[in-house]
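Next come two complexes built around chain A: one with chain B, the other with chain C.
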Partner chain A sequence: MATKASRSAARIMMAPAVVLLLGWMLVPLLMTLWFSFRNYLPLRGGDLGWAGFDNYVRFVSSSAFWPSIQATLVIVGSVLVITLVFGILLALLLDQPMWGQGIVRILVIAPFFVMPTVSALVWKNMFMDPVNGLFAHLWRFFGADPISWLSDASMPSIVMIVSWQWLPFATLILLTAVQSLDGEQLEAAEMDGATKLKRFYFIILPHLGRAITIVILIQTIFLLAIFAEIFVTTGGAFGTRTLSYLIFQRVLESQNIGLGSAGGVYAIILANIVAIFLMRIVGKNLDN
Partner chain B sequence: MARAVTSRRKLINTTAAWAVGLLIFFPILWTILTSFKTEAQAIAAPPLFLNFDWTLENYGVVMERSNYARFLWNSILIAGGSTILGLLVAVPAAWSMAFVPSRRTKDILLWMLSTKMLPAVGVLYPIYLLFIQLGLLDSRAGLIIVMMLINLPIIVWMLYTYFREIPVDILEAARMDGASLKSEILYVLTPMAIPGIASTMLLNFILAWNEAFWTLNLTSVNAAPLTAFIASYSSPEGLFFAKLSAASTMAIAPILILGWFSQKQLVRGLTFGAVK
Partner chain C sequence: MGRITLDKITKKFGDVEVIPPLDLTINDGEFVVFVGPSGCGKSTLLRLIAGLEDVSGGEIRIDGSDATMVPPAKRGLAMVFQSYALYPHMTVRKNIAFPLRMAGMDPAEQDRRITAAADVLNLTDYLDRRPGQLSGGQRQRVAIGRAIVREPAAFLFDEPLSNLDAALRVGMRLEISELHKRLKTTMIYVTHDQVEAMTMADKIVVLRAGHIEQVGSPLELYRAPRNLFVAGFIGSPKMNLIDGPAAAPYQCKTIGIRPEHIAVSAESGDWKGTVGVSEHLGSDTFFHVKCDDISEPLTVRVGGEVDVHYGDTIWLRPDAAQIHRFDDAGLRIA
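On to the complex of A and B.
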């Protein structure tokens, strides 16, 4: 039993973290909310007064809004599908007995540790450059015309770069889940004559359910916010302007703080919808 | 019961896994190889794999041209500083939540996690403005604070999951023997907590090192770390593949090595203990 003294000590020990995070959350959030209702243009006279819901209406009615939502959904959706499908296959493969398992694991995980600006630039130049990139060499080798990846196939290119970064994350978490699978259950099913496909569908996949959900939720939150990958490759051109990037441009490039802040509020709401589901799962886990 | 595996099956597994592993690793391998080529060899058609004249020239050029040491130093200071500061704040918090839990502990933990979900772009301008007002723009101190705050939830969570695994009986035994709170922490808890703290440090250092939203938006010259250093290569001048590769290799090498040590902790840290 915790004593009264240790309880108050505990409160004091928790205080710095709680106060700091509270400030970090509330101060900017309230400022964003405030700005979103103002006509705030630092380069054209500063704060020009109350705007009501104008910024919110203008943000969604601008011609850039729906394309940005579409770009966001395409990137998040495609990367999720790619990383999950290949992540599951890779996790199952890496779980098999083999020589040099540790080294293969390291090779597969490595991309996760590469900083986003590096992976984006390496892919952009050394692989996707239409003249000197490796893909251009490969295409010419097979007698095809090289593709200008980041302008003509901008979306697939970004999806490819981001998937490469996140595949290790999905694989690692799914592998951890696969390794906790009860081998005897699988053997019993095998003896009862269940085919490989059936064993996968009825035993392995349900067992992975939780890990899959977590991968989806965590990746979604990070993918909604990808920035550097677009910043150094297309700069938001060729249909790759996501919601995050649109807000960034409104705020820092065109310095329309009111409009950008309204966009920011939309982004916060969007992220929170996803976050609620994640918190539920994590919260349930705390009870055990 | 271990399942009997024929060596033929094992050979197939090994071949497949190595092929996929090398394919995934290839962009990194290619970057490292290209960093040792001359610019002409870097764009040679057909591409040269190992049959080129290895040179260290690019590393010299990159270091000379861009003051690499300063970016590296900034990265180390920002990632290291934010990690240490974060631990100072998080260790007491996680300790009290793990050992003196109250009815609100779960809510506080989940609330902390929720601050991590706040999209950075939503609060970009307020932070930018506050940084200008406080004179923190393009300062290492400012970035250390921001990095600490964005990773604080992860640090608290990781530490919490580690601390919870420490058996409480030991603490109670120490209390019976008359140990004060101070000696309880110093002599009983600390030795058992060190592995968890070390892994938390490692993961946090990696996350802070690679963070590329705040580092790109809140720095320009003085406090710019390696993420910004690399971003400056996005507008190329002339032949630059080999130099880009050398710069990239230098930016990722330290973290690749640290990262390989932290594979296991990565899962725990990034799933908030939900996958074990």
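On to the complex of A and C.
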């Protein structure tokens, strides 16, 4: 029962949390904005005063800028497609009654609990190493020349590693959605003459719409900021430099905080453009 | 055409035999009701006919041809589910069109059939809504509409009214009966409610633990229940089943007498008893009477309103012509 008194009490009690969260967000944002207009070179004299829009112009006109946007979008898009397609297939598979279901489900979820740095290192050293990696052994077993994954096929390698990490998340969300589908609907469709494929397309897929939306939104948020996997594998080389990695390089490797902050502001803009598109395309799924 | 024959069909789930060998013939145009308590196998039997479950043995014939291994979609049967099983993301029109679309029917013919079905079921104003925006009764009608447009050999109903409230249930009961009279298509209807069975059926099949206890028209079952189970199941309120000394004069183990076949008197009768709780329905009054030499309280129906109170002593006289006699095995003695 929300009386007037309890509503205002609720507001007062929520206030500290709201103020804290707002401050947590606003302070870094405002600092980034501030630095982006400064000539700030920590190892070369510190804060050298007002820079106007110089940092913004320099960041965009750098030859690394557009490739980094492209790399970011390619990684986000490919991982989304791979995790959704395989996530739906795995969810349908795991929904079938089978022996050892509980254990299999835990195993499927497991990769999600491995830290990004660790899993990227495991992939780099155990699987993709061109001399000692499992893939190299596999290739040699079939008489082929091992691929140096991270240099010759750097983008597919990163996409593979990140997809492996995020597939469990997609599978888990989609599995719960598959399980919530009313079995009688499928039986009704079967009686109505829908083949297995048509039942999937007309009944299961629309039912999964909301779960797919959630997977896309959450994964996009995290994938735009992907960093550790690139840091420990290619270090941004071989065309795998994403926007967030470029910012990192500007700030820490070039020691130019002003330039990096300008890049940060671009990253915020990019994230918002992606968010608007996403909400347009998939957001309406959340309404009904 | 919709003549369905079950020939010694059985169903096992693992080692548990849910349906022992069972024979049944359902004639074209008949309204058959499977009735029985929960877990008696009536829904399983319906699903076997639909093809949603595979039989473990025996043969199902539809219009004379073997349909045992035919997939559900090819049997020409339409089913209405307990949960309605409407497709929530489609409009009413698309729901009803779904089976036609799956069959690849020409859109003009689809439209014609949908319009006709919507007309019959009073759904014309709701065709562009989604199932979520409809009431229970309307959803039920959409489910029936989706079945009608296929023009099936037979309709299968799986407890279609159990999710509706009491008033709506009576209304839908009438509508389904009406529909059967108009379409003259075979209908198989599963319910645990014997009132639905009595009011709608041409033929009732009473099931217990997968066995058919009796098959017959509602009045046959009412007049001549074959055994104690059917006697106790058909009729509302239940038939009074009396063991012991009161049954002795009739040379049998148990006698059964329906509440409506007992006359009440303040002065004289066969059994003397004390009135317990009475239920006044206006048109009828039901008394629960505790008689001296009968262990269970008897239910008695008296027409209209009667001035009898808790604790009064009354006399009961069963109508001798309406007494059912059962032997030691619980079977009816003719």
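A few comments on the model shown:
In this section, the second predicted complex is superposed on the first by the 264 of 288 C-alpha atoms of A that agree within 3 Å, B and C clash if a C-alpha of one lies under 4 Å from a C-alpha of the other, contacts with A are read in each partner's own complex, and residues count from 1 in each chain.
Convention: a contact is a pair of C-beta atoms (placed from the backbone, for glycine too) under 8 Å apart; a residue touches a chain by one contact, two chains touch by 3 or more.
Just so it is clear, the structure is predicted and the values come from calculations on it, not from any experiment.
After superposition onto chain A, the modelled positions of chain B and chain C are compatible, with room for both.
When both complexes are overlaid on chain A, the residue A:Ser244 reaches chain B alone and has no touch with chain C. With both structures placed on the common chain, the touch criterion links A:Val81 to neither chain B nor chain C. Of the two partner chains, chain B is the only one that A:Asn272 touches; chain C does not reach it. Looking at the shared chain after the overlay, A:Val60 reaches neither chain B nor chain C. Within the superposed three-chain model, A:Val18 lies in touch with chain B and out of touch with chain C [touch as defined at top].
Of the two partner chains, chain C is the only one touched by A:Asp192; chain B is not. Taking chain A as the reference chain, the count of touched residues is higher for B when chain B and chain C are set side by side. Seen from the C-alpha centre of chain A, the directions to the centres of chain B and chain C diverge by 80°, a value given as a multiple of 10 for the model superposed on chain A.
Minimum C-alpha separation, chain B to chain C, in the superposed model: 5 Å. Looking at chain A, you'll find residues 184, 187 touch chain B in one structure and chain C in the other. Interface residues of chain A facing chain B in the complex, by the touch rule stated above, are 2, 6-7, 9-11, 13-14, 16-18, 20-21, 24-25, 27-29, 31-32, 35, 90, 93-94, 96-101, 103-119, 121-127, 132, 134, 137, 140-141, 164, 167-169, 172-173, 176-177, 180, 183-184, 187, 210-211, 214, 218, 221, 224-225, 227-228, 231-233, 244, 247-248, 251-252, 257, 260-261, 264-265, 267-268, 270-272, 274-275, 278-279, 281-283, 285-287. Those residues of chain A lying in contact with chain C across their complex are 182, 184-185, 187-194, 198, 202-203, 206-207, 209, 288. Residues 50-52, 71-73, 77-79, 81-83, 85-89, 98-99, 102-103, 130, 132, 146, 150 of chain C are the ones that touch chain A when the two sit in their complex.
Residues 1, 3, 5, 10, 13-14, 16-18, 20-22, 24-25, 27-28, 30-31, 34, 43, 45-47, 89-90, 92-93, 95-97, 99-100, 102, 106, 108-110, 112-115, 117-130, 149, 152-153, 156, 181, 206, 209-210, 212-213, 216-217, 226-228, 230-231, 233-234, 236, 240-241, 244-245, 248, 251-252, 255-256, 258-260, 263, 266-267, 270-276 of chain B are the ones touching chain A in the complex.
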